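Got a structure for you, written out below as structure tokens; questions coming shortly.
A, B, C and D label the chains in the order they appear, each numbered from 1.
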Amino acid sequence: MNFASDNTAGIAPDILKALTGGNDGFVLGYGNDDLTRAVERRMGEVFERDCAVFLVATGTAANALALAHVSPPWGAVFAHNEAHILTDECGAPEFFGGGLKLVGMAGVGCKVTPETLAASVADYQGHSPHQVVPAALSFAQASEAGTIYRAGEIAALAKLAHANGMKVHMDGARFANALVRMNASPAEATWKSGVDVLSFGATKGGAMAAEAVVIFDRALAANMAERRKRAGHLLSKHRFLSLQFDAFLKDDCWLRLARHANAMADRLAAGLAAAGHAPVWPVEANLVFVLLPKSVEARLRASGARYYVRSSRSLPGGAAIGPDRCLIRLVTSFATRQDEIDRFVEVAAKA
Amino acid sequence: MNFASDNTAGIAPDILKALTGGNDGFVLGYGNDDLTRAVERRMGEVFERDCAVFLVATGTAANALALAHVSPPWGAVFAHNEAHILTDECGAPEFFGGGLKLVGMAGVGCKVTPETLAASVADYQGHSPHQVVPAALSFAQASEAGTIYRAGEIAALAKLAHANGMKVHMDGARFANALVRMNASPAEATWKSGVDVLSFGATKGGAMAAEAVVIFDRALAANMAERRKRAGHLLSKHRFLSLQFDAFLKDDCWLRLARHANAMADRLAAGLAAAGHAPVWPVEANLVFVLLPKSVEARLRASGARYYVRSSRSLPGGAAIGPDRCLIRLVTSFATRQDEIDRFVEVAAKA
Amino acid sequence: MNFASDNTAGIAPDILKALTGGNDGFVLGYGNDDLTRAVERRMGEVFERDCAVFLVATGTAANALALAHVSPPWGAVFAHNEAHILTDECGAPEFFGGGLKLVGMAGVGCKVTPETLAASVADYQGHSPHQVVPAALSFAQASEAGTIYRAGEIAALAKLAHANGMKVHMDGARFANALVRMNASPAEATWKSGVDVLSFGATKGGAMAAEAVVIFDRALAANMAERRKRAGHLLSKHRFLSLQFDAFLKDDCWLRLARHANAMADRLAAGLAAAGHAPVWPVEANLVFVLLPKSVEARLRASGARYYVRSSRSLPGGAAIGPDRCLIRLVTSFATRQDEIDRFVEVAAKA
Amino acid sequence: MNFASDNTAGIAPDILKALTGGNDGFVLGYGNDDLTRAVERRMGEVFERDCAVFLVATGTAANALALAHVSPPWGAVFAHNEAHILTDECGAPEFFGGGLKLVGMAGVGCKVTPETLAASVADYQGHSPHQVVPAALSFAQASEAGTIYRAGEIAALAKLAHANGMKVHMDGARFANALVRMNASPAEATWKSGVDVLSFGATKGGAMAAEAVVIFDRALAANMAERRKRAGHLLSKHRFLSLQFDAFLKDDCWLRLARHANAMADRLAAGLAAAGHAPVWPVEANLVFVLLPKSVEARLRASGARYYVRSSRSLPGGAAIGPDRCLIRLVTSFATRQDEIDRFVEVAAKA
């Protein structure tokens, strides 16, 4: 019953097999190999357009490289208060971005609305050069609350961002989980809705350590190669990044793995709801958040379940967690088994 | 006949097996796992002292993190003119180090002498605060020319550095190759000779992507965890870094792999010398540099051999390469086979 | 009737005289002169302890140098949401600090309380190395609202900060204005209450362009000289900074000028209050903020008065400004004349 | 007999008078004033084209802002080994430029030739993304040796730089001194010869603390305002920078002051040459370098003369200074008097 994170799971079998299978022989390093070219082409097919692709080993690297690329040092990047880039990357965007400023915004379920964005951006206009300049919107898809933005929501935010001279970055550490819920193509979920740069995650989805910075307009990608290299994120035996992505994308492996994780989350949500512990936010990806009485939480912990207790200021209605309850985060993955879900629900449901 | 780089090889069998074997089950991310602790302890045994260990996926990351940690932004880091950190990392040390300055030094065979270091350091003294301040010496072991520093040489350089308030960093991307030639223990080759921080490479030695920043004095390691994280170099599924290092260090795997690579280099050097193409620098690790008539080089290339043509300003006696010859770099690895060596020598030796 | 800012005034007569009087002859540059030593000694007398002093030409430089000096790149600096360092320095602290993070806090009258600070700091604890680390508290004295912190308030904040391993920085662009209101000595208002580093402003107080970074513990000042130099803030003809500070401090000139500015603000506040426009925050320095009906504001503007219309989220009781009123900021200085005050009040008071 | 530096002199009378004369009344800060506009227009007249002008208080700031503006963090800026930006700014260009790399080049008399530049640039081509990218050429006019580049020399260097995608920066701390020797207009000496950005110094020429970053193509100036502000280099009482430049440029004051300084240098050079101590480099600005027997140097020092003893690796013919001589640098300024020159020569000439 390990629901601590989707990164506690190992490597999905198809991807591990690819790593092993691609180990033989000599291959030029640093991405100068045929497979890397093939992955780039494959990415173009997935997104229905030629795009620039840069593989790295961590999501923080992908996000920080992307944000530094779309914001000057005197830029402001707007994101939800509880976004990973603000709370869990130890200042990587600021470091990569030469001291850029992350501006946090409130919003229920870790989502921001166009109204909130408009108000925040307005705070940074008209006072040049004394203030940093609006440079980008960054949002997580799925969000840290496991909610997702529908294509129309993305388009509305992106339109507003672009109208203010800003770029749009999507932190897609869980892009696959969002996509399989969206009834939209990868293209519709990204650049067709206005996304300029995507951090496309494979690690949480089942890879070992593989993320892609996808820049939809090649002109915008100029010198990202140097930026990645000087950040130490160009792997020498780069083929092993490409092998992961190749297997991840092949035969819709990524979507299949994500569907499983989401299904497990749905089952968990349904079970908990039936037990009187309905999730606090809509379960739209592979994360389930529930407010539990402390006694229930203690019982779960005692039963061997693993998860994190979290705090949040984006509960519906601005609700507080209160002294008698705790908010727990349950994350499913490709490796989550149905019997673990059922056992967890059973423990939670005990009278 | 692929001698392009030691990073064109794949993963050594023992390490690949470890990756596969360690994939099952759930393990906490970000290094909060038992295996990572075990690797840290094992590293302590290897170096005969408790030390702080930070695993990352690239050598550039290891070097840049290490240098930024031992030099303030207004510091000068002294290294050979042709050191990897100056010529092949696209400014990573400067980026990580907030704009620190790398000062290049001349020296035959990509090695620097105490005399040269003393003269260079003197250039940066007595003019405070108008100049950057001597902060660290960085040297590669083995060097980019495939030469090595003996323990006494390291001690002499380190003594000088320390006397001037500087730290000592060793770029050990090929530390194993150097060590098996040195007749010294890992401790004698590093901290007992004055090295403060080591970039301990496993990738070129046979891992997929694994390097360790080893800081011998734990007090000096304060906040390296944050530094690594904000650089995007803390892997979420960190166990796969630990698995690589665990296998690399187990049963002297690393030394065995390095001995093979060095033996192949020795065989190559001997064969080429017998054919009238003696290496330009002593072959002390897994790199062989030879000056070849262009006709010979063309023949080798036509035969399918792969290697890089290089330039260098550190030939013995300050020699120039000249218009009729070219300097080629041949790199062996754990994966190099004797028959490739022999075939290469045969082609080179043809009348 | 120019109340736009205290930097719209010129140079106070005593200071201008000093600049002119100190122009003759040759003097070594970069602060290597007797007068600079004398200013440093004088500063020690003012603060009743030996301290390290670094003169620069702007307040943004003083703040950014100070904050970068007390926070590592992975540090969080806590300050009021509307502090100058957050809203008016275009990211200078982040730039100088290698990407440090400024964390905004709410508080009426641009002041923060220990409770708010404690809660904000707690948000950045216990999640290492994923989050930046609490490094410093920065507060403005007088604040951007013209309010001041009493010595006891500073001590309470500083105690909390120190208990959490943080340093305390005071942005004293208007330190003189605050001090003459405090009934405290310079020492009591700063290091005796726990301030570690002070940006001591003279420019707004009557100098041309002169600010001092005062570090009360000399050990903490190591390498600030290099930091200032590499930021381009070491003036070559440094004597002209020293001449300004020498005159500013001589015979309590700085306190006399501040008393005048404050008295003008008091008169303005009293007049406006009598006219039914009581200031929104206590007038404790040289700033007066009033919420005016838009018709009154228009009349004042038409009369030739100069000031800025501001927004604020730190009005008492969380009040909003509303559509029919505007918040105007009136700043007095050493150069403000009583007749301007009276005329302004007269126009504001018209039926 | 103070020849230590042109920054040991005070403020030239006309400029001091302007500062005093412009002190009255209220003027908006941060350059939002009529005089600043007038200075910008005047600069346009001087250079015969509309250009963007940013005033700052130090030459290091001007250089570092300029270089950071024309080079990305992964850029290489090529300059003479002994250029001020490499040796006397404590890493300011690297700091402002996010870790850009300064590449030093050799050259007699602190001047670089197109051949040297071409060879240096070639070292940084063809190895992307492993190396930093050629971004700019920076040269000092007059150079640190007091030599100057003629318009044709500048054009040749600039042509080469531009052909390689680089920008051209001129460090004109002593631009006036060079210009009055050149028989060229300010336009011919800068943008008409290919200079893109000029650090136009007034401080050494007679101002208190005033330098201008002049960007000849306005499109290239985008966001320099934010860059300057976040570096703390936008003065609040900005009028005092404008007053200095206004007076400096008015009625050719700057050229008149420079002519005096140069004439003093010429007289010094002629006198020393007649005494058997001919300058080591052509005296083309206000710096005179002579190699003196140590006994003569001791006599001069004893007589009260002030100057700096320097080292240099750019003596004609690669000559070394040797153990019995020392290289002294003598700097004249607007404030140097003929009788000081004559007395110095007299002491130097004694049998």
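Note that in this section a contact is a pair of C-beta atoms (placed from the backbone, for glycine too) under 8 Å apart; a residue touches a chain by one contact, two chains touch by 3 or more.
All values derive from a computational prediction rather than experimental measurement.
Chains that touch both chain A and chain B: C, D.
Chain C maps onto chain D through a rotation of 180 degrees [Cα fit, steps of 5, range 0 to 180].
For chain pairs B-C and B-D, the one joined by more C-beta pairs in contact is B-D. Centres computed as Cα averages put chain C at a distance of 35 Å from chain D. Taking each chain's centre as the average of its CA atoms, chain B and chain D sit 41 Å apart.
Separating the CA-averaged centres of chain B and chain C is a span of 50 Å.
Shown for chain B are the residues in touch with two or more other chains, namely 73-74, 89-91, 95-96, 98-99, 129-130, 132, 226, 229-230, 234.
Note for the complex: chain B touches chain D at residues 73-74, 87-91, 94-102, 127, 129-132.
Contacts from chain D toward chain C in the complex involve residues 2, 4-5, 7-11, 16, 19-20, 22-30, 56-65, 89-92, 94-96, 203-204, 208-209, 226, 229-237, 239-240, 306, 335. Within the complex formed with chain C, the chain B residues making contact are 30, 72-74, 98-99, 128-130, 132-133, 223, 225-230, 234.
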